[in-house]
Amino acid sequence: MAPPIPLPPLVDQHCHGVVRSALDDRAFEALLTESDRPAAPGTTFFDSQLGFAVRRWCPSLLGLDAHVPPGEYLERRRELGPEEVLRRLLPAAGIGVHLVDTGLPGDLTPPAELAAAGGGTAREIVRLETLAERLAGAAAPGTAAGEYVDGLDAAVLAAARTAAGFKSVVGYRHGLDFDPRPPSPGEVRAAADRWLGARRGGGTVRPRSGVRDGDGRAGGLRGGASPAGGGHGPRLTDPVLLRHLLWQAVRTGLPLQLHTGFGDPDLRLHRCDPLLLTDFLSAVGPAGCPVVLLHGYPYHRGAGYLAHVFPHVYADIGLALSYTGARARTVLAEALELCPFGKLLFSTDAYGLPELYVVGSRLFAGALTELLGGWVADGSWPAGDAERVAAMIAAGNARRVYGLGPGT
Amino acid sequence: MAPPIPLPPLVDQHCHGVVRSALDDRAFEALLTESDRPAAPGTTFFDSQLGFAVRRWCPSLLGLDAHVPPGEYLERRRELGPEEVLRRLLPAAGIGVHLVDTGLPGDLTPPAELAAAGGGTAREIVRLETLAERLAGAAAPGTAAGEYVDGLDAAVLAAARTAAGFKSVVGYRHGLDFDPRPPSPGEVRAAADRWLGARRGGGTVRPRSGVRDGDGRAGGLRGGASPAGGGHGPRLTDPVLLRHLLWQAVRTGLPLQLHTGFGDPDLRLHRCDPLLLTDFLSAVGPAGCPVVLLHGYPYHRGAGYLAHVFPHVYADIGLALSYTGARARTVLAEALELCPFGKLLFSTDAYGLPELYVVGSRLFAGALTELLGGWVADGSWPAGDAERVAAMIAAGNARRVYGLGPGT
Amino acid sequence: MAPPIPLPPLVDQHCHGVVRSALDDRAFEALLTESDRPAAPGTTFFDSQLGFAVRRWCPSLLGLDAHVPPGEYLERRRELGPEEVLRRLLPAAGIGVHLVDTGLPGDLTPPAELAAAGGGTAREIVRLETLAERLAGAAAPGTAAGEYVDGLDAAVLAAARTAAGFKSVVGYRHGLDFDPRPPSPGEVRAAADRWLGARRGGGTVRPRSGVRDGDGRAGGLRGGASPAGGGHGPRLTDPVLLRHLLWQAVRTGLPLQLHTGFGDPDLRLHRCDPLLLTDFLSAVGPAGCPVVLLHGYPYHRGAGYLAHVFPHVYADIGLALSYTGARARTVLAEALELCPFGKLLFSTDAYGLPELYVVGSRLFAGALTELLGGWVADGSWPAGDAERVAAMIAAGNARRVYGLGPGT
């Protein structure tokens, strides 16, 4: 076994808040899957790589033996209560900076509260579709399309003044095979008119489905502890408005995170292949805005290719490591084939459970150590460069891309 | 090396019969490939992962040393004769239950005969396209389309009374990118009318190509020992009828097996990506019918994703292990990334040669032991759960999905 | 660690020439990537698997320690001069035969010069698109389309008399999803008429972009040492003419190399999936021309499938090994899943830098030894067959496919 490679405090460049209230067993288990449906008869979500990883890394932090059965773990968790569980787990993740996507509904810890609990700092990532939906939900009846669009553009600019970056789930809402060009102002206004009209009429609005990432990312919580937050406008799926949001974000120059690869069943995975973004990435190149391809699995090799050929494109491997558990080393290795070492970013994509920060960071650190340590041991890599590259992926690359100063 | 993980008698949830007659060398070799064509000049199908796996596992069962050259092995096989070879090989596979797709032509052992030879039991999987083609072949000239469709629907219902499940090769006949909705009765009748008419006229019927899985799966046997069975109607490729068959099967509630991933050159592999089924899987969810995605390679990670997010979807890894031989452990590992452990099923997809049962089960057992044993050894998995999960994949999951009682 | 498997002198079945002149640091670094753009701010192309592989294998050949920092290596290189660097590096690659794609512009070593420097022999691979563009560039103003097409057909036939094979970059120029049928003579003439007219008018001709493989493969050299060669006609992207070229090459019976998989950002990677060629491969089968699928990554498993089912199809793994460095063993292993062992070919795809021949051959030899040696050690493969298969992939398969006599 290779000796551990020392890592700096991690920059978790994509995560969500933690559910503040106590979770019953069913709600806990529902947060161990990307599915928004119950487990199949005779099965449990604990029987998965993620479930086994939670049982490996978390019990000892709550005073239990590693790998205790799920029932014992859940009992101990109830005994301690949500605040104590958070207090014990989150600091163990070794995360120095959290970049928090605040676009999910529910009673989740906001960035500052998360940072305080974890002993680090936090910055906000603004989810574009949520911004547009909140604005539509808050608009007075009869608001004209032009007025709405002006307000939206102003809201993106305003968000850019404080946010660390933007995020889009256009992969969920349409697929990544969208028209790469910016829509014209007339097209945007017409699309806004249709959308606001549909919202008022209620006629063509698709019912909320409680999906995890596309909309609510809280499928398992629907009957559970934390009802999805209300007050939003209708779900935004109009491709013209989705493209307009992307281009408005690009124009701010802030990093833009794009969901790619797997997620809940609200998406069509083969339409979330990051390679479908090639023409869009070409088109936005001159704008100088970094684009971060989130997750990527099972298309992470393609994401690495895009990061290889486009200077402004970066790849993330967060969610894929948590969900593949004992296989994290191999998945990380695949991401490190074509992706230049200055282009890969760490994240946990943790959501809801503090356990997911622990699992995400432990799997990452372990996989990185074994992988790079193995390459040093067989002579492929020099030891000094392995340490340097590990620090880049763990924190340095994200600090550079998001412009995080040493005090962040 | 990790100690072997004990496995129960396997449930081989997808296999075919064994050729009853003696095979000449060319016919034997033709059953070592998914190709329906001869080997390239200067090459042999023995020079493949499957060929090497046969030479690893089978010679000792016939009294030879492992890895003897192909010529010696074939000579010994001829010496013993097909019945003795079957008697020596099949029981060594350790299979307790065979679920046999009976839709391939040729003089193959029927399920009961196979079970008797192997010392286990067997149940039938009814191939939908073969059912429709046999019915068309047996129909009196001038049979009306409505009458044919009524007969077909009745035949599906009748099959459901005894079969363990259904199988479709719509991936071969059309691709998995079919319209996910059930066709209307009028559309089905019109399609049947066209198809029966073409059959009578012979005009638009595509010539039989002797493909292995799509139709005959016996390409190499065409000039060999076992001529493809005759008496069928024309090849069914009409997408409306193919979809009707799928929906009729779904309505019975029995498990539905779908070919996905690689096979003979009669398919277009990129149109057999299981992710293309996403909308169909969504649509059939409420019907309560389990859907099993067969093979999957090289899209088995996508199949694992579908099994992750849809409660009624299961993944199989059989054929991929046999054909990748020394690489079986890695391929199995990839399947075990997103696929919940209660959702993966074992099979051999063995066809024609008793060797393929041996190779399929040995490669599976070896890969599972090394993989799970390795995860226990490095602390990722607890030993007890590794044994439990191994037994689930080897037999338990299939017993639950197909409702196989302890006596089966 | 497994003992090394002895390899014969390699047949590098796809490579390019070496830049003859001295390269400044920026030009050197630009040849370490498939990108045609500068490295992202704060990053260097040396921080990549290829960069680390160069630092592993090449410094000792120039009298330095392995893994010296890039600056020291470049300094030593400048000190020695390009001829001495070539003289020291190329023979260390152990390549006996170079098949050189001569279709790239720039001041590159022609095949005979490359062979002399490396101590081996060389044959030419003629790039079809370059042939057509050179002919168009040399055509007198007012040349009729029919005359141009006749000249083109004659040029393909003439090239076939001396070339070892043809190569097409239709994947770059259109994507592999082209109409598989040969175009009619009338279509070809009309397309030639449009193309020659556009060339004269200059109106619809796409500006040269300096892309690496599609056109110039020398993006990083644009401001550097070696300007792209001039005098060519306009870039050929017309799908009818591209298909005509493919079919004319097929009719000669010589091996046809097709770019598949990753390359510079001038291609759309998802449109370079070799599986998109399935219908074309079926269509050209009867012509008896071997087709070699180059590179393939990340679709190399699909390329292996095509080589498995089609007798006339072969797979190559060259470029993928160089660019994945420490991961080369795994990438090679994936190629060796479905691909019959008589169907995989070695290459370096080296271009510009002599370092790339060294890296390509060392990574290949190391990966092959570890992989096959590991399979021998765990009992999967017999030792004798491992040596035999290694020699096939290293040289024998290519010798057979390209008809290279023992004197070549």
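A few remarks follow.
Should a chain be cited, it is by its letter among A, B and C, assigned in written order, with residues numbered from 1 in that chain.
Please note the rule applied: a contact is a pair of C-beta atoms (placed from the backbone, for glycine too) under 8 Å apart; a residue touches a chain by one contact, two chains touch by 3 or more.
In UniProt terms the chains read A, B, C = Amidohydrolase family protein.
Given the structure is predicted, the values throughout are model-derived calculations rather than measurements.
In the contact between chain A (Amidohydrolase family protein) and chain B (Amidohydrolase family protein), the residue numbers used by both copies make up under half of all numbers at that interface.
In the CA-based superposition of chain A (Amidohydrolase family protein) onto chain C (Amidohydrolase family protein), the rotation angle is 120 degrees, rounded to steps of 5.
Inter-chain centre distance (chain A (Amidohydrolase family protein) to chain B (Amidohydrolase family protein), centres taken as mean C-alpha positions): 38 Å.
In chain B (Amidohydrolase family protein), no residue touches at least two other chains.
Contact residues on chain A (Amidohydrolase family protein) toward chain B (Amidohydrolase family protein) in their complex (touch as defined above): 33-45, 47-49, 52-53, 55-56, 66-67, 262, 264-265, 268-270, 297-298, 323-327, 330-331. Chain B (Amidohydrolase family protein) contributes residues 273, 275-276, 278-279, 282, 301-302, 305, 308-312, 333-334, 336-338, 340-343, 375, 378-382, 385, 389, 392, 400 to its touches with chain A (Amidohydrolase family protein) in the complex.
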